[in-house]
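You will see two complexes here that share chain A, one where it goes with chain B and one where it goes with chain C.
The block that comes next holds the complex of A and B.
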């Protein structure tokens, strides 16, 4: 039933919204660098940042959208609406936020908003045309959160590009990410310092068939 | 005391996806670690995450989940076809899924044919 509904939705979308802009989603676990990458993209192409970044997890707790971003490379153009989503997690403990320096009330509020953010991020999966999954390349890529996100995108036939972020860090292991998801293009970048960002833009053209 | 509860696939196979998730979460919220025969589909896993988020409060902090494949990756082609048919007919009962409360399971590591559970020191935590 779910598969049929998805198929019908996609068919109707294609039929009536042929000229609709691409909705490009940034997905991944918390603190992988989704908002850092979103900021890099928007700074590079429209000259402004998209959201606040923090070392405390779950800084992005609401869906953020930046419309009409046009990127250019080798005479090609790609316009999309960029959707930065809250990190998807299986657990959220307000005590972790207290340990990170927040007051109890603030920590509980952050935890509550973060749980809502995860629910929203999952709900929005259906509305994406292409998704960039941003993983911290210093961490184990085989987590069930990563597998669940990518499995859901695969089931919905949404094109996926995997970014192995934080290559500027010593522990970064892009090859491990590639080995975990051999069926996808994996691009190693540092969203913070812009390392290999042009490879990422090139890969975006490829994954969106632009 | 750490409690493990084994749920055979036959116990959830007749349930709707919603009821399956409810059943798993109910056991996990009783501070037990579930050993489920078989694997959840990606839709079921995202539903499990969504429902977990709805249930999180000061006491329940969420879940840890991991899966173990029983199938050998290098098995013969005919054996692979057989597995696909069995899964189609009987659901994905191959493999093992571990779901537990995040307050008890600190981390689950897969290596890749064995699963290691790192638990919180519950006694010490409760004394705090």
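The block that comes next holds the complex of A and C.
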């Protein structure tokens, strides 16, 4: 009887798991390349871009979702809903946007929306099955934002893959990112040019247990 | 516990009639000031006081951020430990607190007086949007 119950449990679990959609969240500080990576993934697998990218921080201020993306590698398939989130920051200052060329009114509106965006991103965290944290590998990985995001994912037991983005830039230092988060898989890529993107897809299979 | 009018900056003690009826300047929104923060806020006010225009803008921004959750005619007390609005367009976020907040959204303190947690209000607002 016990054996049969176990079998039934496993069977039902498998059935349930198969039907459930995986939510894959892209998280990280502003301007790390979350939307650039989202665009790369959607372009590669469904032939269309997901969102607008910009050199001015906080371009993505609302959660963006692209459903039913199936990626394939070595005979395996993985289907997920991709969730691109606004950048998480500890300080949002309209003057930074003015320096980047925006007018005051527009800059203040952007700051208000970006603040809402941070809350939104944090609120959605509990709904994620797997999270890819995208970091700019030219920047110091030991920031409060990075540590807080990754620490909270760990506390919620959400599987994490870290992407050290922008390896096409001279100042990029993937090893430094790896040293900062030694317990995680860290994949160095350039989302913009597609460098090592296959390593990223392979790592996605691993982290989602597909 | 002191309360500060968001629009004119005037301080009121807990239980003051103005908190229930609205500040003498006409505003009905107050910051809830924790004792440990009181000195810091007073110093900041003396050092770089906000212009009236800026205070009115902050009041408007907060109403924008919390959406239609609250009745604008009734006094509201904001507990914004996790988000500080230093000036219009300048926000300071306490991520550790933001990630941890699991408190209820709007506490009704007395008739017509509510305590709003900005963070939780955001969550509710966004949740509604997503449905």
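Note that the second predicted complex is superposed on the first by the 192 of 210 C-alpha atoms of A that agree within 3 Å, B and C clash if a C-alpha of one lies under 4 Å from a C-alpha of the other, contacts with A are read in each partner's own complex, and residues count from 1 in each chain.
One rule holds in what follows: contacts are C-beta pairs under 8 Å (C-beta built on N, C-alpha and C of every residue); 3 or more make two chains touch, one makes a residue touch a chain.
As the structure is a prediction and not an experimental result, all values here were calculated from the model.
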item: Clash or fit, chain B versus chain C on superposed chain A; value: clash
item: Which superposed partner A:142 touches (first chain B, second chain C, both, neither); value: first
item: Partner chain in contact with A:55 - chain B first, chain C second, else both or neither; value: neither
item: Contacts of A:107 with chain B and chain C, given as first, second, both or neither; value: second
item: Contacts of A:118 with chain B and chain C, given as first, second, both or neither; value: both
item: Candidates 9-17, 45-53 or 99-107 of chain B: the single one with C-alpha clashes against chain C; value: 45-53
item: Contacts on chain A seen with chain B and repeated with chain C across the two complexes; value: 88-94, 108, 111, 115-116, 118-119, 122, 125, 144-145, 148, 152
item: Residue ranges of chain A touching chain C (in the complex, touch as defined); value: 63, 88-95, 107-108, 111-112, 114-116, 118-120, 122-125, 144-145, 148, 152
item: Chain A contact footprint on chain B (complex, rising order); value: 41-43, 45-46, 49-50, 52-54, 56, 58, 61-67, 102, 109-110, 112
item: Complex interface listing, chain C residues touching chain A; value: 61, 64-65, 83, 88-96, 98-99, 119, 122-123, 126-127, 130
item: Residues on chain A engaged by chain B in the complex (per definition of touch); value: 2, 88-94, 108, 111, 115-116, 118-119, 122, 125, 140, 142, 144-145, 147-148, 151-152, 154-155
